[in-house]
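Structures incoming, each one as structure tokens.
You will see chain A twice below: alongside chain B first, and alongside chain C after that.
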Partner chain A sequence: MAAALIAALGLDQPEVQSSSIAVLEKGNADSSFVLSCFMWECLVGRSARECRANGLLLPRPSETSTAVLLLTCHHSAAHYRNQSLKLGLNLTSLSQKGLFEELDLMKIISESFSTLKETSDEDLCRNGTIVVKSLFASMRTKLLKLKENFKSVCLIIGNVNDLLTSGVSNTQLFIFINYLQGLLSEITNLSLVISTHVSDDAESERLLGAFLKNASDFTVTVSALQTGLSKDVSGCLSVGGLSLSSGTYHYRLLDRQVKMFSPGASSV
Partner chain B sequence: MLEVIRDAKLQSPFILFVGHTTDPPASRTFVCDSFHPLPDSTDLNGSSLFISLVKSYIKSSELDTHVLCWERKTLRQLKPLQIQMSNLFLHDCLSDFHGWINPDETQTGFLSTIRKILPGNSREINVVIDSLSNPFFTIGFGVCLKELQQMINSTTENSPKIQQLLCFVHGDMVPCGTSSIGHVKHLATTVVDLNNQTARITHRKPGGHVERKEEQFVLSNGQFHIQALAGTVKSSVPSNTTLPQDVASFRVSLSDKEKEDRNKLVLPYMRTGDNSQEEGGGKVFYQPDAVDDWDDEDPDDDLDI
Partner chain C sequence: MVTKNKTTYNLLDAAHAACSHTINIMAALTSDGNITSFQRKGRNRIPYIQGTRQSVQNAQILVSSGVPSLDHVVGNGLPVGSILLIEEDTFGTFSKFILKYFLAEGVACDHPLFLASRDFLPSTFIKQIPVPIKGDSSASGQDSKSDDPMTIAWRYQNMRQVQSIPGSSNSGTHLGHNFDLTQFILPEDLENCDYTLWSEPEENDTPLGNFCNPNYGLLLSKIQKKIAEGQFRVQDEPIKQSILRLAIHSLGSPMWVGCSCDESLDEGVKRDLPKFLLYLRAILRESYALAVITVPSHLFRDNSIIKLCEYQSDMALRLESFAGSSYETNPVFKEYHGLLHIRKLGPVNTLATHVPESLDLAFKLRRKKFVIEKLHLPPELQESAQREQDDISTEKRSGMGCSSSPSSKLDF
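Then we have the complex of A and B:
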């Protein structure tokens, strides 16, 4: 299950709530399982812990619950639904309860372009700004609406670097991230999880990774084993931040859980 | 010198802190030697030191200090201090700088942001920007450099005089490659390069003299302490340097007898015991040359004085 990953990285601490977390994936690693684990933590783990602390058996929605808004860029929403289902989290039923909402990047991009009556040269230059601006507006509206009904809200963005290949420049993307960071001051109990792919070869991705890392309170780095492939180890996970003790772990992705262990202790 | 900056006693209009990211020290690398995590900028590149220094700086400074927060952690860490210190003004540059939420709130640069909450009686202020990397991308590198220049020279009308400007910049987060950090360093009168708990300080004095220092710092409980630099004792000069007497085709050194003779020689301009009684007043001796055209006549003889 996801609890092992969350506990191992220390992301179940109270200070992680209402903070921003950057998830950086390097090389051929895929960090989508970390995002699914975060979703599990927000939708199940956090509220269950709070109920246990208050001596309650069943969680009372809206008082202890955390709603999740997911923006999918690289993987489809179906990918996250399937992945979460394996972790014991039914996103379809949770979305019916209003605890979970999703936004599709490509859908928003096509909608933002269709609102333009005439596409002039100037508009084409400003395309990127229009995309990120409308994206931010729709996300902010949804988050404010979710906050009305639930105690805390979590915004998760998967592979934000995909915006760079959708006509958005680094500058426009950095302004967009600034605005998302600004939401943390506007909306209480909001946590922000943004993942991006970092490549040393692509300067724009390197800058984006460094920008996110500097902007966030905590950083989770997912990378593959550089020594090659191993049947016991899927890759490396490290966490760093202001109040968390830094550490590196190896992980193994199993069908229904993520197994965490210290480097060199894969058989334990 | 870091302590002098912290106590707001360094006479320098623009102090620039440059955070350099390096790989973590050996103690923080793990068993899996193939894995190289991204450098932990929050600990190693000096941003924590900068915030700690700014906190003390605000307490020491008598002037109002305006902090432009371009990173959320700066805002979060300085917010509690704002309640205690009336001379601290925090500007949240992340919330709505470009007017996406409220178009009336659109700001154009650093000075327009400061003017928004500038008390009417402010004549001289200090400004802190943390960090410049963000506005370099989101406002523009050229615009930022121009504004920094204006702030240092206080050339903008209707703006208070900026007594001191403290900025932090991530060395690896500068547009047009890391070499462009040189443009920003050129503007600064004091540059503090922070790298792995070591500060290399270059201070340009008003007279043009350049002072260089290296200090090592340790952060504990949000306060930094200066430590003696490890391994700074100068090693002896290596013996493989070539001396002139080894390569010259003539004798360079003097014998003891020659040195004694040289010391006995009295040069014409040297004072000797004969003229010691004339000490106490100035006197000019002139020995005309043989070819000098010396005229004994009074040049003012024809004047009716």
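Then we have the complex of A and C:
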């Protein structure tokens, strides 16, 4: 399950619960499983721990739970739903309960191509290019609505660099992220998780990665093995931050589980 | 308190197990033969489509690329809604063959085709797609075992047979066909196929997306139109569901240069190519279609272009042909025509990605088969200089030992 990753990285600590976290994926590694683990931690892990501390047996979604808003840019929302289901988290049922909301940019782009209607100011996408101002306004409204019903809220953004590819300029994206960071002070008990792909060859992606790393409290870096593919190790994961002890781990993705271990201890 | 909770959990688990056991017993009691009375609630949402198979891991619909060994390398088939990126070999010979196989598999499975290229005439290319080999054992799922099997030493009988061709051990589960490259599709068969060709933009087309080079937007518009007209979108409910196969050749080659683009070729490609792949992926994710795209990566001077393209695709492979290189005359590679490098195998609707058995892969083109194999050194059957030296050194040593002359039948 996802608990191994969260515990190994120390992301179950109370100080992490209202902070901003940057997830950087390097090379051809994929960090979507880290975001799924974060969702599991917010929707199941935290409430389960709190219930256990209060002597209750089964965690129930209530006003003390954490709600999640997911913005997917690279993978579809269905990808995260399927991935979370493997980790024992049914996002469909949670969205029916109002604990989970999603914004699928792939779907928004696809719909903007298929519909021939005139674009208005409120549209999130104009001929494939995402309007970051409308996107921010939409996300802020959703977050405030979630905050009315639940104790804490978590905003997770997957692969924000795809906005650059869709035609958003670096400056606009930096301002967009800056506004999102500003929500941390506006909405209490809000945590922010933003992932981005970093390629050393692409200057704009490298700048975005450096900006996110600088603006966040904690950084989780996901990278592939330097030596190629392995059946025992899927990749390398490292964490760093202000109050967390930095460390490097290897991980292995199984069909329904994420295994974590120290480098060299995969066969132990 | 913790112990008490654990005990309660164990009791709950035991009660749950007992309950499920009761259900199993009930199912057995009410069953009729081997069929249980329990039926899945609701209808199966994934329709049966010819030439497809459902993945057991993530229920993803898989189709064959036309090369069974390639299917095995990328995870038993190509997922519908995904993009396979192929970085072309130097002369683009083998990447064209893979495109031909991909299209030929579509014809064999009665899938609609879409072929786009600006480097050659698609109308000529589509006439050259091969036909399936008659009596192909891999398609019918039967092993071609000879009547008189080769007898081997008893001590090796229970050993696992070494399979250099990936996926050849479970040929009964093959999805695709093998094709004969010497025989082209008959014109009357081609007329019955549903195919769309694109090389030049039409006058009435309006480009999608804000591309620097309008050709990308026009191609995207054509694909979008084809998907809408053919009812390949997820929300559509056609009479017979099928899969649209998109084959795009040499995307980003110098023939794709835009007339209205003031930037250099590399700058324009760097801006437009990843964007095109992002938009195409967004369209494909919402439709019953998949794409195989070849890109001439050796022509890009900026290394970041191909890295961005790999990132935007779901799977990426690179072909390295031996033609024109020093490997062509190397005896080590004499059995092969090139190497296959796996650049990316991304997760599509799943947690764990497929990990191939080996990364050292080579391909060879036979008359009737394009095969991807594990790279291995050829057996040393001829006398080499090294062997002669070994013999000489053995002779020298034998003079000192108890061995007799080399002509003797006895060694001691």
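Going forward, the second predicted complex is superposed on the first by the 237 of 268 C-alpha atoms of A that agree within 3 Å, B and C clash if a C-alpha of one lies under 4 Å from a C-alpha of the other, contacts with A are read in each partner's own complex, and residues count from 1 in each chain.
Following the convention adopted for this analysis, contacts are C-beta pairs under 8 Å (C-beta built on N, C-alpha and C of every residue); 3 or more make two chains touch, one makes a residue touch a chain.
No experiment lies behind these values; they were computed from the predicted model shown.
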### Task
Answer with first, second, both or neither: which of chain B and chain C does A:L253 touch in the superposed model?
second
### Query
Which holds for A:L184: it touches chain B only (first), chain C only (second), both, or neither?
first
### Task
Once the structures are superposed on A, label A:H79 by its partner contacts, choosing first (chain B), second (chain C), both or neither.
second
### Query
For A:L229, is the partner it touches chain B (first), chain C (second), both, or none of the two (neither)?
second
### chain B versus chain C as contact partner of A:F174, first or second or both or neither
first
### Query
Taking the complex as given, what residues does chain B use to touch chain A?
21, 28, 30-32, 34-38, 40-43, 47, 70-73, 75, 92-98, 100-101, 131, 133-134, 137-138, 170, 172-173
### Message
Help me check something: in the complex, which residues belonging to chain A touch chain C?
### Response
28, 30, 32-33, 36, 52, 55, 57, 76, 78-79, 82-83, 86-87, 105-107, 109-110, 113-114, 127-129, 162, 165-167, 197, 199, 201-203, 228-231, 234, 253-256, 258
## Note on the structure
The chain A residues in contact with chain B across the complex are 20, 24, 26, 133, 136-137, 140, 170-171, 174-175, 178-179, 181-182, 184-186, 198, 207, 209-211, 213-215, 217, 219, 221, 223, 225-227, 236, 238, 240-242, 246-248, 250, 262-264
## Note on the structure
Listed in rising order, the residues of chain C that touch chain A in the complex are 1, 5, 8-9, 57-58, 208-210, 220, 224, 228, 233, 274-275, 278-279, 281-283, 285-286, 302-304, 307-308, 310-312, 316, 342-344, 346-353, 355-356, 359
